[in-house]
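Shared between the two complexes below is chain A, which has chain B as its partner in the first and chain C in the second.
Right, the complex of A and B next:
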């Protein structure tokens, strides 16, 4: 294992994970302790805080379908925080992810109901794409305005949030209202455009077209992984000129196996049998998105340009990079991910598979905390998103079992963010010494000047 | 000789700028007027106009306070996007204090005096609550040198949590009757001036305070040593430090004063606008205040004009919904936000913030 270290492609994540766990864990602990003190002071009951926290844990993990509901809640967090992190790394504070989330949901709800005739292999990608493009445009415009006219993205995306809320409200109540429903909502999307739950996968795969779609996705992913592995020095020497063949062949092989075997296998044995379990394939998309963002930002030329523009726009300009294009690109990726999050909520989570009028999310602001908590590291974001998703999901049972309002969660999250952003405060609290060489950190964000 | 010419040029430039600004405001008013007529078809008579303009001033009040808070902080080099959170907290605290102190004071004096006293008490405690959050922002961004945007975000999330928590625990149900909001103060004689009177001199106290504050801030920032120091600290803290100005102390002072001003904007929501509190009531006005500040190029009067433009957008929305109830209400409701974006992109162009805005200062 240790001799493999140099070439192990996962070494960067592991060491990052190790480094990340120290201070954030301490910060979280401190935040929970202060939260307990607040509960104690406001309720005057010594047992209130333990009851509340136990309720929180039970609600997040142990109640019926608790864990899968926590995962469901963390999926939008992952995508939104990834979007924010792309912005932060490019020197942009896309505070408007909430609005992009709404627009993504709106576009997906529209694209999902235009027809019922299309098969899932076309309709589902179409709906996902519609949501992502909607979000990308909603974020790209402020990016363009920033470069062309200097309108700061914090203000303009914030304003775009409110426009998005009103627009969504208008479209739901007026243009796209489902006239057959008593509640105010858009028509349900076509079953073909629904995002599959894990429980429904075996049944979905019985349709050969669906199996073909899954096979295509798997083939593509296999080819991408093989392509990445083929660039390692030892493999490169072995493969030589057969690199292309290896990539294409393995992809084709994986696709074929998936197409033939998956429907049979899932039909024979499948762990997700609970039909009411809402855990859906968006989870896979969220994890893939995290890997994709990491790949894009750390391993590709466009990602390098984005990071350079973020770290030092002047240097980037002298190096001949197109700042405007990069800023718009960063905003579009950021908004696209946020739009995808909204899309997934509509296609995979909402009970009616539609966009209801009372579609409040509140995911956006939490996601700012998540991406800052994770220091914009995609794999840290996965962990922090699960934490936030679990807290969000557990909050109801906490409120029910202890009478402590679930807003205490926001308080704890804000404190955790504060402590993570300022390790000096935590060190000062616990009388710890600053570790040498860790003090100087590049700022995550910049003021109006950028 | 040379200096007098330069002074002359400076003077003429200043005049020119004021003229251009005034012209811009007039143009905006005319455009808004024509747009309004386009929608509601010349139904707006004299009373409707003065009502709309008076409403504009009213709605502009919290935005202007938020913008002033931004001006005071950022002139000293501290970015503050936590204004929204401070306003929300001040709004909640003022509401609670107004309600409960009224219950307590009623037993001691007659109802109207108790109402007045509890409202002013609520105002005071409300802005002190905002001051507390400003202190957090100051300590974390000046002492601990956290990224100021992050610190502001922390304050926003924290405020959301704290106000929501207290609202759900104590303020959601079984509430006693409160003393209500500040009544309008009609200024004698001035209020009888046609057109201007009803707009400017029949307002609630915080609106008057806001207008006076604009003059005060302008004077203080540009005509007193404190203002000069503030600007020096915001533009070039190292140079200011060399000249013996205590950079950190100036920044602490300014952030705390900014907190008080943001608190005034916050108490507006529950002491002037409506007599209830709900957890999302600031509705982005703190951020809009920042837009007004950028629009006003970090000048108090500029910020005021920015706030008034946004207020106008808001009051026009109300007017439109009165005359055209058939229009879906969401479309005019988008107007103020679109207006803010348009203002940021079209009118201002590239605004230059204070040079050291957002940078922590490390003493050497």
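Right, the complex of A and C next:
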């Protein structure tokens, strides 16, 4: 940093790069550069950092199952960060997502094992719903307490975390313990409640009931998309009274095609084989959840209310919005998504398809970093979650191939977050000018008073 | 765009060439996957890694470890080694049983060793069908060696010591979950005490947890109330709670698994010894069979004969243990070794 700050020749270029990629990308780049310096200083080997980073990239993307495992690791990040972002946009810091993740996992593990008689078309949605509702309630309570008693959600959700951890431990070791297993875990869920892996989709679709379930989901999605399109002015004029018919008809058609064609097609050709052995359909749910959260927050009235309450509760109250209802709703959505993340880990990733002790290692806390890095933008969250998942997954090979400890990843992530939280640091480093108006964003969360 | 692709291809070719060079030598690559405790847990994982390191150093092999952050990482971590062409993968702990079995089937050419999980006869295991006559030979685990320990033998020795040291004639154990290794410890312990003094009274409680020191302590206190003056803590942190109860009452305790004098300093002054499972020795001995080519799938039991289990040193208590008690312990050890003494444990 010894060069003259007035004459840095790269400043215009870096400013342009910063504008193009956004501050998060520049922050990340800076974090990786500093990480490399740390590796160099601690190892004293010029090649250590390139070897480590190449190992990281190879482990995250190119090695066998690398990409697949990176995706598996990023799925819970997506759902948890989406949950956090809904809270942030509504002016709430739901620091309790880790606890809601546990409660969701617990509820799903319970709902998944109550019976083995149900078909997947009923049992899987039931288990998913149980997990989401569990998380929603666990987060809704602090939301209600905030409005009724003024208990700040940062405190109450954090405390609820500990209750959730101990409660889960109690239930796993006592009430819901698998008596046939010498490992401390809940009983495995019914095969019908398991979340499908990509590799198993062709086989699963051979059951007509499963194909029907998939067809129903696709029909619903198609209808939703057509409905959204039908609201555009040019389509609206053309369709006129036939709007309902168009929506229903397209949904029905898509469902029918899916029901007939998908089992045949996937049986004939399917790209996901052994190389993706743990990749599961939670990936699709995570992407859909991102679209859903974007839609809810940006395109609907409840989303507008949530954002208004987040931006200025007094104005929202003056406009006749029910603050209590909106705060509880925001917390419930937030917790529901977190609960769903835990559910997916139980039903799709855990090898016993059950809930063992020591289930998560801080997905929830990483996700706070991810949603900040992505500035609460749902599609930014998809990207940032993949980045964190890939780094978490690639770190092992990095350590194996270069001897650099995988904990360097935490350092890089922490630095990236620091730079995103304080963009002035990055601007100072690269001698960039602050873009006009950037500082005027709404606050992410409110202080103790508000 | 084309240039970028070309560059990528060149880099990949270079990487391939480099990895190919590495594969040419006869240097074996050993990978160890720890449980969530991590490699510095002062217990199993650390001990297993010590065994791997010792063998790797001696035989000139490469050794690496991956720490599991959570149970859902087991498969992924084993896979990291497998896809990097490791020759031997050691997995630590009962919990990794299913993941190890699944990966062992997927990579039949890699040798696997798992600590504390015997796949057979274990019912309701995902490792193989209940119809298999032997999970290893015909159940699909032809490349898996289970490293097991005869806890009843070292429990017996601890019992001899406890029975010899007790003034009240009542000895007790605060045990963790009632799973086979814990039961072996307890049964051996009680029979050992009765071997040195047949009239010894024995107490035991299985607390259904390994992570509940408060309950362990409570159990210990209540046993002290019934006249017990030597407590064997045999159940992770729950057992540690029992040792703490002994410490606070000024009585004697016996540690478990590792030499707890070194790992649990709070109670070291009341520890007579620890009933240790020498995981490092077992792992090292296993790797020696890999080196010599004598490695076999199946259950590989560590016992007093091969030094896989044994009492830890007496440390500070050495001067307080009478010579005749020490003689009795040595006599029991000799008897267990030559088979003239049975621990009384029936599986």
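Some notes on this structure:
Here is the rule we go by: the second predicted complex is superposed on the first by the 426 of 450 C-alpha atoms of A that agree within 3 Å, B and C clash if a C-alpha of one lies under 4 Å from a C-alpha of the other, contacts with A are read in each partner's own complex, and residues count from 1 in each chain.
One rule holds for everything that comes next: contacts are C-beta pairs under 8 Å (C-beta built on N, C-alpha and C of every residue); 3 or more make two chains touch, one makes a residue touch a chain.
Only a predicted model underlies this, so the values are computations on that prediction, with no experimental measurement involved.
When the shared chain is aligned, chain B and chain C each come close enough to touch A:174. By the touch criterion defined above, A:322 lies against neither chain B nor chain C after alignment on the C-alpha atoms of chain A.
In the superposition on chain A, A:51 makes contact with neither chain B nor chain C. Touch criterion not met for A:203: it reaches neither chain B nor chain C.
By the document's definition of touching, of the two partners only chain B reaches A:410; chain C does not. Touched residues of chain A, counted separately for chain B and chain C, are more numerous for B. After overlaying the two complexes on the shared chain, residue contacts for A:312 are found with neither chain B nor chain C. Residue overlap on chain A between its contacts with chain B in one complex and with chain C in the other: 169, 173-174.
Taken in their complex, chain B has these residues touching chain A: 74, 79, 81, 140, 144-151, 153-158, 160-169, 279, 283-284, 287-288, 290-291, 294, 328, 330-331, 333-334, 337-338, 340-341, 344-346, 348-351, 353, 355, 357-359.
Within the complex formed with chain C, the residues of chain A that make contact are 54, 58-59, 62-65, 69, 72, 169, 173-174, 177, 180-184, 274, 278, 345, 349-352, 356-361, 393, 396-397, 399-401. Residue ranges of chain C in contact with chain A, taken from their complex: 12, 15, 36, 64, 66, 69-72, 74-77, 79-81, 83-84, 94-95, 97-99, 102, 106, 122-124, 126, 177, 179-180, 208-211. Those residues of chain A that touch chain B in the shared complex are 38, 42-43, 93, 142, 145, 148-152, 154-156, 158-163, 166-167, 169-170, 173-174, 365-366, 368-369, 372, 404-415, 417-418, 421-422, 424-425, 443-449.
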